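Below is one structure. I have some questions about it.
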Amino acid sequence: MPNEPIGHRVWAVAEGYIPTWSTGPEPEMLSHDTVCLLNTGTEPAQVHITVYYSDRDPAGPYRVTVDGRRTKHVRFNDLTDPEPVPPGTDYAFVVESDRPIVVQYTRLDSRQAENALLSTMAFPVTGS
Amino acid sequence: MPNEPIGHRVWAVAEGYIPTWSTGPEPEMLSHDTVCLLNTGTEPAQVHITVYYSDRDPAGPYRVTVDGRRTKHVRFNDLTDPEPVPPGTDYAFVVESDRPIVVQYTRLDSRQAENALLSTMAFPVTGS
Amino acid sequence: MPNEPIGHRVWAVAEGYIPTWSTGPEPEMLSHDTVCLLNTGTEPAQVHITVYYSDRDPAGPYRVTVDGRRTKHVRFNDLTDPEPVPPGTDYAFVVESDRPIVVQYTRLDSRQAENALLSTMAFPVTGS
Amino acid sequence: MPNEPIGHRVWAVAEGYIPTWSTGPEPEMLSHDTVCLLNTGTEPAQVHITVYYSDRDPAGPYRVTVDGRRTKHVRFNDLTDPEPVPPGTDYAFVVESDRPIVVQYTRLDSRQAENALLSTMAFPVTGS
């Protein structure tokens, strides 16, 4: 187990999109956009997420705490404060943390009868 | 929200391919190849995309503006100037911006009845 | 063929999830979460995997040996020592090796009749 | 269009797997594992691919030329010299080029009636 926090403090993802409908049993098969946060350090990480749109000002910050030596998988579908992220809308997001973390982005799309998946590590901002 | 532009000025993607047919309701389920651009800075970013092929000279530049604090998701299917990107053809592309941006590549393939997805961060060119 | 070991000694993945059911012939179509390890060096690499959860302390180390000039694709479904990784549970993981290796993460999800795939290179920890 | 070659000379991918069967019209829907190479320079790049297995010595080099300002998408299914890459077998690979290139890995899996896709940038070896 690593002895110190792994990762960066700022990460970016250029593609976000919550599919507008779903097929199959919930909650597993509900279409969702997820940001996965890993905090390998021993102290809690305070995380701010800013959501960017194509035609309006950014929304946020969405505040998330990731406890030490824990992971948290956050569905954008579930964010409500300061405002929901609308489905069927192009967005992007930046994750800022007060401690180094690792960030990954995953979507499950069940609009058609069989689900589809995508995932990528977020872009780690150098020097952060 | 970050105070300065995040990312790089040059990014590359080695795989592009617009599926040649689709299944399901448009526009959501139209097969498409998308490049997602995020500009966290306050000034607009002027972006040039060059498309590389296996058997002919590159095409471009395709010009896109991404306003400050905005994201833009560009479907290669929709590019027409200086020329369309032909479906069913292997390609690759380079994104050049006058300001730092973040670039990601995503495909939705609905050639068969159920859609498939892929996504990856583009390759950030160091020093750019 | 490279003359020296390629990669890093520490890698992280923020998203892990073993789908809770499967459709189709096993073992190919069994839903699985896989970490793929490549050791291009000539000596065996001793690898420790630590699994992080959202609501309990990390588990591990899971010990894997990757022989020189070999790859090993490890399904989390198959790990039992020191304890199984429960399906249907959010997790994340860190890979630590005594020699440089390359690490990639792939999931095959066959919960619905047609399978879905995701894959991403793990996050390489700089300086490791 | 970039004025100089973009990328690295050595790239690695830890996961390779050619699905053992396919569903749908060929060649589009034939299951395949693809490495995508982009050469933005003006001179041809001479590329060597080494394939690593879990239980035998590496195979290769597989030799590929990517002309200047061209992309080449190589299906592992099509490699025969010095030997075919067997389907249904875990592998990994390293790409070495005499000039900087960009490398990405994509799989189309059509074993079940609807296809699945994955893609990731390869791991760029620093200093190469």
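The chains carry the letters A, B, C and D, assigned in the order they are written, with residues numbered from 1 in each.
Going forward, a residue touches a chain if its C-beta (ideal position, glycine included) is under 8 Å from a C-beta of that chain, and two chains touch if they have at least 3 such contacts.
Since we're looking at a predicted model, the values are computed, not measured.
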TODO: Starting from the Cα centroid of subunit C, hunt down the chain whose centroid lies farthest away.
DONE: B
Open item on the list: Give me the C-alpha superposition rotation for subunit B onto subunit D, in degrees, nearest 5.
Closed with: 90
Open item on the list: Nearest whole angstrom, what separates the Cα centre of subunit A from the Cα centre of subunit B?
Closed with: 21
Task: subunit A and subunit D, separation of their C-alpha mean positions in angstrom - done: 30
Open item on the list: Among all residues of subunit A, which ones touch two or more of the remaining chains?
Closed with: 113-114, 116-121
Task: subunit A residues within the subunit C interface of the complex - done: 1-2, 6-7, 24, 28-29, 34, 36-38, 40, 69-73, 101-104, 106, 108, 110, 113-121, 124
Open item on the list: For a test of understanding, state which residues of subunit C touch subunit A in their complex under the given definition.
Closed with: 10, 12-15, 17, 19-20, 50, 52-55, 57-58, 60-61, 88, 90-92, 94, 96, 105, 107, 109, 111-114, 116-123, 125
